[in-house]
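Have a look at this one.
A, B and C label the chains in the order they appear, each numbered from 1.
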Amino acid sequence: MRVEDLAKNVGGRVVGHAETQIKGIADLDHAGEGEIAYVDNEKFFPAALASKASCLIVSQSEKFPDRTLIEVANPKLAFALIGAALHRVKREPSIHPTAVVASTANVASSAYIGPQVTIGEHVTVGENCVLHPGVVLYDGVTIGNRVILHAGVCIGADGFGYVRHELGYQKFPQIGTVVIEDDVEMGAYTCVDRAALGRTRIGRGTKLDNMVHVGHNCDIGERVVIAAQTGISGSVVIEDDCVIGGQVGFGDHTRVQKGAIIGSKAGILPGKIVRPGVWWGIPVQPLDQYKRMNAHLNKLAEMRDEIKQLRQEVAELKSIKSALPKTSQ
Amino acid sequence: MRVEDLAKNVGGRVVGHAETQIKGIADLDHAGEGEIAYVDNEKFFPAALASKASCLIVSQSEKFPDRTLIEVANPKLAFALIGAALHRVKREPSIHPTAVVASTANVASSAYIGPQVTIGEHVTVGENCVLHPGVVLYDGVTIGNRVILHAGVCIGADGFGYVRHELGYQKFPQIGTVVIEDDVEMGAYTCVDRAALGRTRIGRGTKLDNMVHVGHNCDIGERVVIAAQTGISGSVVIEDDCVIGGQVGFGDHTRVQKGAIIGSKAGILPGKIVRPGVWWGIPVQPLDQYKRMNAHLNKLAEMRDEIKQLRQEVAELKSIKSALPKTSQ
Amino acid sequence: MRVEDLAKNVGGRVVGHAETQIKGIADLDHAGEGEIAYVDNEKFFPAALASKASCLIVSQSEKFPDRTLIEVANPKLAFALIGAALHRVKREPSIHPTAVVASTANVASSAYIGPQVTIGEHVTVGENCVLHPGVVLYDGVTIGNRVILHAGVCIGADGFGYVRHELGYQKFPQIGTVVIEDDVEMGAYTCVDRAALGRTRIGRGTKLDNMVHVGHNCDIGERVVIAAQTGISGSVVIEDDCVIGGQVGFGDHTRVQKGAIIGSKAGILPGKIVRPGVWWGIPVQPLDQYKRMNAHLNKLAEMRDEIKQLRQEVAELKSIKSALPKTSQ
């Protein structure tokens, strides 16, 4: 594709040779003839100036004289869009012969169903979905359009619920379902359990990394991002546009309000309401407060020294008291 | 089924119309004609009074006049039992044609073996087991009766053991086995490694959530409950009736004594003995102590202020000392 | 095999009956006729003396009179090597008929490819590799020689990268690859994501436990050991010979220098450089410092008591000041 065409696709302005042919994307250091790279941080200006890329995507064209450029407000976004256009992964709509698809399942003809996938009874899979090898969809779950499920994603296994009695545990019924909305992507081996009663939901445009656990009856909103290995207990609500780090743990019945950001490895106690803002730590607290506490913790040795010294000084002062003439006491 | 029959099954007392037909379970808010719900907490009495359920399972029938009720001591347990009776998942005993079962494996004819399952040489699978898609049983492991293994559960992979030498790592032999006793249930992608020598054991009636890791040579007792993403290093012993939260980490050779409860995200140092009681934190400590420490931590700012003020006051007092007449010193 | 032959293989010295036939390894307590065990710790000398093993591997032969022994400097290493020789797992080179191997993949004829494995386009698998059931190799990844991948290992799924825009998230291109070098072993369900651009690398002789997550563009060196459920964000560098515990979390762009040791459950902030030494905690700090901080934390109650007492004593002393005769002030 020509630079001019790429620029048009991302609403960018061409500087230099609009006719230059671009066949791929690369990073600044490795880009060569026919490749396009991006720079969105002054730190990388020297690498950009030295780059052999045939075209650069930049936000400040004046910094790169004599280069062919696409100028846009958000170079990284433009690069991602251009990359998607140039490296379109062609997955012919198909169901791999080793996939097991129940006769009652309703799989869109535009979907790609990879090897060793299992799709249970009464499942729905929407338009243009990509199910990588080994994905397991239990009976009755619903997958929207343009959903990408990486290897081994498991949707609809039983939630973890038991009732204790004298002899052991009775399984609580897990007869609800799961709804995955449009444009969701999930990393390898991420698991979303079915609801006990009702449904577990992953909202439109939400992205989950590898090995995330979503318990029964959770309601995860739209455009939520959750990094790898985070675990979400039952009946948790995460509202739209939240950003959750990796290895975070949510107690059951937590509610995270719209747009909140939770740092990696945080722990949220059951029933907690997490308000908008940035949160950190175990148990989770506002980032400012977490930082102050850490600053205090780093002063503990000093505090103990000071207390020790005060004790000595006070002991000395007390010895004066006993030495004072009677009249002055 | 009639309310009368359901009540009989759970040892409950019918109040109201014993002949009412019930065809399914539901929660209070969604239950309708022909459905049964339960209430075991005063908090939900208003929802119960407003519920359209044809029958309620309750512990205090006098609170719900003019309703058809089943009165029992433990409504949630009764609901779980009734749910199991009404929503019996029929899995015809079968081995899916895509499953790979070694000719030397001994699989009970009453077991259900799902798609893409792999069962190795000399494996035993007991009566009425359910192996969901993609389960992997390595050679020589033993699965008891009525065991439910969700998608991708992996039993008997090599334990993680190496001996360092000058050039790198020599694998330590992993030639032991795994025994899973009766009535165990494991969530998706939970892994139980084979013993180096000897066996790894999961005791009768124990329930593991998704993505739990059990290392080589562990001995997990009966009726133990372990939530998602908990990791258990080699040679750990967890005695009967323990309850373990999610994302807990156990150092090797830990022993958790009968009935202990360990909160989510706790960390247990290698070799530690965890006595009965409730434990929390990293490293793990008794919950009371953990709470006291957290209370202290929240006072750190105040403590630093107090030390600062004491320093000023002591400095002032010292200035008196130097001003005192010689005789009084 | 005869004791003499086994000793020769590990450079050991025979004491006693060199002709004794050994057919298997076992631990001290369970070893019997025809079995060999090892002892490398004085703690186990009584068990060794009582052991029914036909031969013991020891470092101090004088402690075990009247026994057939192999004396070596490192008994555990010798035991591991002898175990590997005696319990050689024969896996005939083969591709299981249920495996799906792309026609463009290049799989060495000496490799073992288990049931339900998926190997994508243009993948290379080296000599004597063992791929257990359900392994997934995405397109274009490279696996070295003698690599062991346990059940469900996933190599080359897309990295987790998105660019936020007004309407949601645009996927950042994930068109790089993964290189797994020789003699690597990975536990069940461990995931190594492909690079966005460039490559993700796992160095020669490195061992990963179950359910480890390695993000896009990471560079893990040679002879690195990483325990279960550790998560490594994008672009992390771990240099040669590091040892990483379980459930550790790495922020992106971290660098861990050669030989560093990081304790289980540690958390490393993005961009941090971890120098050689032993590290612990969240956020990670040198072990000494971590221990000192924990010692301080255990003194918090005492510190608060001391401050309280000091406050009383200072108040008392201040009352003297006001009682002093004018002249002495």
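Just so it is clear, a contact is a pair of C-beta atoms (placed from the backbone, for glycine too) under 8 Å apart; a residue touches a chain by one contact, two chains touch by 3 or more.
All of these numbers come straight from a predicted model, not from anything done at the bench.
The set of chains in contact with subunit B as well as subunit C comprises A.
Superposing the C-alpha atoms of subunit A onto subunit B requires a rotation of 120 degrees, rounded to the nearest 5. Residues touching across the subunit A and subunit C pair largely diverge in numbering: under half of the numbers involved belong to both copies.
In terms of their C-alpha centroids, the spacing between subunit A and subunit C amounts to 26 Å. Residue numbers of subunit B whose C-beta contacts span two or more other chains: 98, 116, 134, 152, 189, 211, 229, 247, 282, 297, 303, 307, 310, 314, 317, 324, 328. The residues of subunit A lying in touch with subunit C in their complex are 25-27, 30, 74, 76-77, 79-81, 83-84, 87, 96, 98, 114-116, 132-134, 148, 150-152, 183, 185, 187-189, 204-205, 207, 209-211, 222-223, 225, 227-229, 246-247, 264-265, 282, 294, 297, 300-301, 303-304, 307, 310-311, 314, 317-318, 321, 324, 327-329.
Looking at the complex, you find that subunit B touches subunit C at residues 98, 100, 116, 118, 134, 136, 138, 152, 154, 157-158, 160, 162-163, 165, 168-173, 175, 189, 191, 193, 197-198, 211, 213, 215, 229, 231, 233, 247, 249, 251, 267, 282-283, 292-293, 296-297, 299, 303, 306-307, 310, 313-314, 317, 320, 323-325, 328.
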